[in-house]
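In what follows, chain A forms one complex with chain B and a second complex with chain C.
On to the complex of A and B.
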């Protein structure tokens, strides 16, 4: 990715020099080898701190609403496929103005799931890593492991259909074509074949781990409500405890609130400190909305989101 | 001791009747229920009615909260498509319900627990049929065990 990084730094430096943007949101090296951190660059001298590699897992879109002030000028954002889709969704939902944003598209090869990497290294600290073709080599004190890249990718990246943002103003190197159809997802298909009680048991087990830290919500670019329903105290919808029924309803409603808006970036799943499988529910709802309403989130800034629209001819086979 | 408890549970089970919450839209289904009443059409007494302005008013949270707090089933009923007092409330509701129902069934909740219907003000007969069907479905499923708050594994709920 070294050349991509070089081009990225060069591009950002130029954009800032020419004052086409007042600020760029991107990634910088984080506190450890496998971590990156969001960075806000206003001075062209700082452009060299930008990085882009498989550790860049945060969805930066959520900072768009927080870092732009009126009259500031355009804000540039380094966007992978999913970040780009989230930006498009922001525009469709009227959260940001198209002309206020400069989308710097970047080709994405998928991002790392730390939990998977951690499993493979038995929790030992990785101080260095490098990519060798389809392999990822993790190096630390007294060890070096070579892993298949696919094995350490996030689940959402394994089933990613749009590696490049559908809308962009500049692109670092060449955009990748979107897959012509949904990539197959074995885990999902196999899960769907289980019977109802097994599925319920699976989710009960997953959500019983939840400690209600709301990291999933905070990492999600689509959870931008000023006050989230779980924080409301008048009326208080749900108990704040980790009672299983409260926790499950939190997760159900979280998915419903992002229905037809979720871009399957997997930020929620990567943010979860307990490794709860959140992507399965997101994926199911995304699929259902595609099949039922023919809508895919984050592709067209001018299309009304599925849950804000209706069609008189919508299927209603489930209604008595 | 244990035997007594088991017997007791079975004994209680026989008398078990489902509790079903029905959200009825003010303009159609509520009037349909009223018509069923004044026409003296018989239907099971298992529903508790909450009158709502429109089926579009029903937030999926309401439905989940019903299940959490001890209802065995939930019915939401509104005007037929095209008849909504607010023009498009039921169309929007239809999308919401479709997604909610798919999601709950994907997670493994029994399909009969949460049901939707269109009943107009003139369909007293249909209202009775819907309530009968929903009650029978929920009876077959037995007491709700999923999403219920403070559910103890051995306890039989009413």
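On to the complex of A and C.
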């Protein structure tokens, strides 16, 4: 990724120099070799702090609404495929203006699920890592482990079709074509084979771990409501406890609210401190939307989102 | 040295049985891909070789606790536990955090009966950290992977056996009265193994940073521009606060069963990172921005708590470091203030 990083830094430096953007949202090295952290660059001298590699998992799109002040100029955003799709969805939903955003596309080969890497190293500090073909080698004080990259990739990256953003203004190196079809995902196929009660039991088990920290919601670019339904207090719609009925209702309403909008970036799942499998539920809903309404989120900024459109031909056999 | 006993790991069941005869026993249990504290009834359920994903505070200060129930205008408060609580396999960082929480809920100005009835007679049995994890920084807080503060009994894992050491009168009393536990006398080899394990654990941690001046630095940092920078990336979620063994803020909610006169009053964890935390009934919110909220959390731990209780409200367990979704690493935050101050 070194070349990509060089080109990225040079590109951002130039964009800032030429005042094509007022700031750039990107990634900097975090506090350990396996972590990156969001960074906001306004001074071209800081462009060298930008990094891009397998650790850059945050979906930066959610910062667009925080970062863009009126009259400031365009905001640049370093966008993997899924970040780019979230930006497109923002444009389609009228959350940002296309001309206010400069999309810096970057080719993505999937990002690390930090928990998976941690499990493989028994939680020990990884001081450096390197990619060797399809292997990731993690090195610490007194150990070195070589792992299949696939095994430590985020689940959403394993099934990703769109490694590059569908829309971009500049691209760091060359965009990668979208795959003609979704990569096979055994986990999802097996999940789909379950009947309704088995799926319910699966999610009961997952959501029983939830501590209502809302990291999933807050890391999600599509959860941009000014006030979330679970936070409303007058009236208060839902209970605040971790009783299963309360946690389930939160997750169910959230997934319905992101139906046809979720870009399957996996930011929610990576943000969860307790490793709740949120991706399968998101993916299932995404597939339902595709099958019923022929809509895939985050591909075309000019297409009306599925939940904002009505067509008499829409399938509606599910309406009781 | 005479206080140190040895217990073969395969006889841990006897230790657990002795505990169960007097206590409700909690310990780290692996289930559903996580290691969490849960009530246990046999030694087989215990997972002593790694720290828990969540802290131990929930044993004494549950995330959701019913403080009263009501029906037809009559209220009832739940009774306390029938047996005192023992915790086996807590790490030194979490054991220490309980002392801090006790200052807030137990021995300080206020006595919180929900806390006291669980913690007051509890037996805390810690196990030293042979392998501190990435992000652990207890050594910054005058602790270490084998600290004994807050423990009644401290265990050291030396492979096939545990060394068992009492650290309080309560701990000593339990060990002396438990004849049925087949303790042995440790050999010199066992003791040197334990010393080796300790040394390896301590040297595997990153270097200690002296943060003793952090309170004074923060006294002058109220208007620092660093708060804006931190708030810029903070997601305002509750990962840090809910995984934290010392965060102790709570909310109280009344829940009525629709269509009945029945309901319950619950106490639930709350977090200063949430915008609703300080929202008043009038709609006014004195801490409306992320900047003010993150400042509150850092100040509470590293400044106000020092003012009130004379110590930093952090034990360096590293859970927030490992789990913050945007890698807003508290070690980095503290270092930045120290460097600027």
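A few points about this structure:
One rule holds for everything that comes next: the second predicted complex is superposed on the first by the 315 of 320 C-alpha atoms of A that agree within 3 Å, B and C clash if a C-alpha of one lies under 4 Å from a C-alpha of the other, contacts with A are read in each partner's own complex, and residues count from 1 in each chain.
Here, a contact is a pair of C-beta atoms (placed from the backbone, for glycine too) under 8 Å apart; a residue touches a chain by one contact, two chains touch by 3 or more.
Just so it is clear, the model here is predicted, and its values are computed rather than measured.
Using the contact criterion defined above for the overlaid structures, shared-chain residue A:35 touches chain C, although it does not reach chain B.
Using the contact criterion defined above for the overlaid structures, shared-chain residue A:271 touches chain C, although it does not reach chain B. Of the two partner chains placed by superposition, only chain B is touched by A:318; chain C is not. Touch criterion not met for A:157: it reaches neither chain B nor chain C. Applying the stated contact rule after C-alpha superposition, one finds that A:126 touches chain C and leaves chain B untouched. Within the superposed three-chain model, A:243 lies in touch with chain B and with chain C [touch as defined at top].
After overlaying the two complexes on the shared chain, residue contacts for A:215 are found with chain C alone; chain B is out of touch. Overlap of the chain B and chain C interfaces on chain A: residues 239, 243.
Put simply, chain A touches chain B in their complex at residues 192, 196-203, 229, 237-239, 243, 245-246, 248-249, 252-253, 255-256, 259-260, 281, 284-285, 288-289, 292-293, 306-307, 309-312, 314-316, 318-320.
Residues 60-61, 64-65, 68, 81-82, 88, 91-92, 94-110, 115-118, 130, 133-134, 146-151 of chain B are the ones touching chain A in the complex.
Per the touch definition, chain C reaches chain A in the complex via residues 32-34, 50-51, 53-54, 63-64, 131, 133-135, 204, 206, 232-233, 235-239, 241-243, 251, 253, 255, 266, 268, 271, 274-276, 279, 319, 321-323, 325-329, 331-332. Within the complex, the chain A residues that touch chain C are 30-32, 35-40, 58, 63, 66, 118, 121-126, 141-142, 205, 208-209, 211-215, 217-219, 231, 233, 239-243, 267, 270-271, 273-275.
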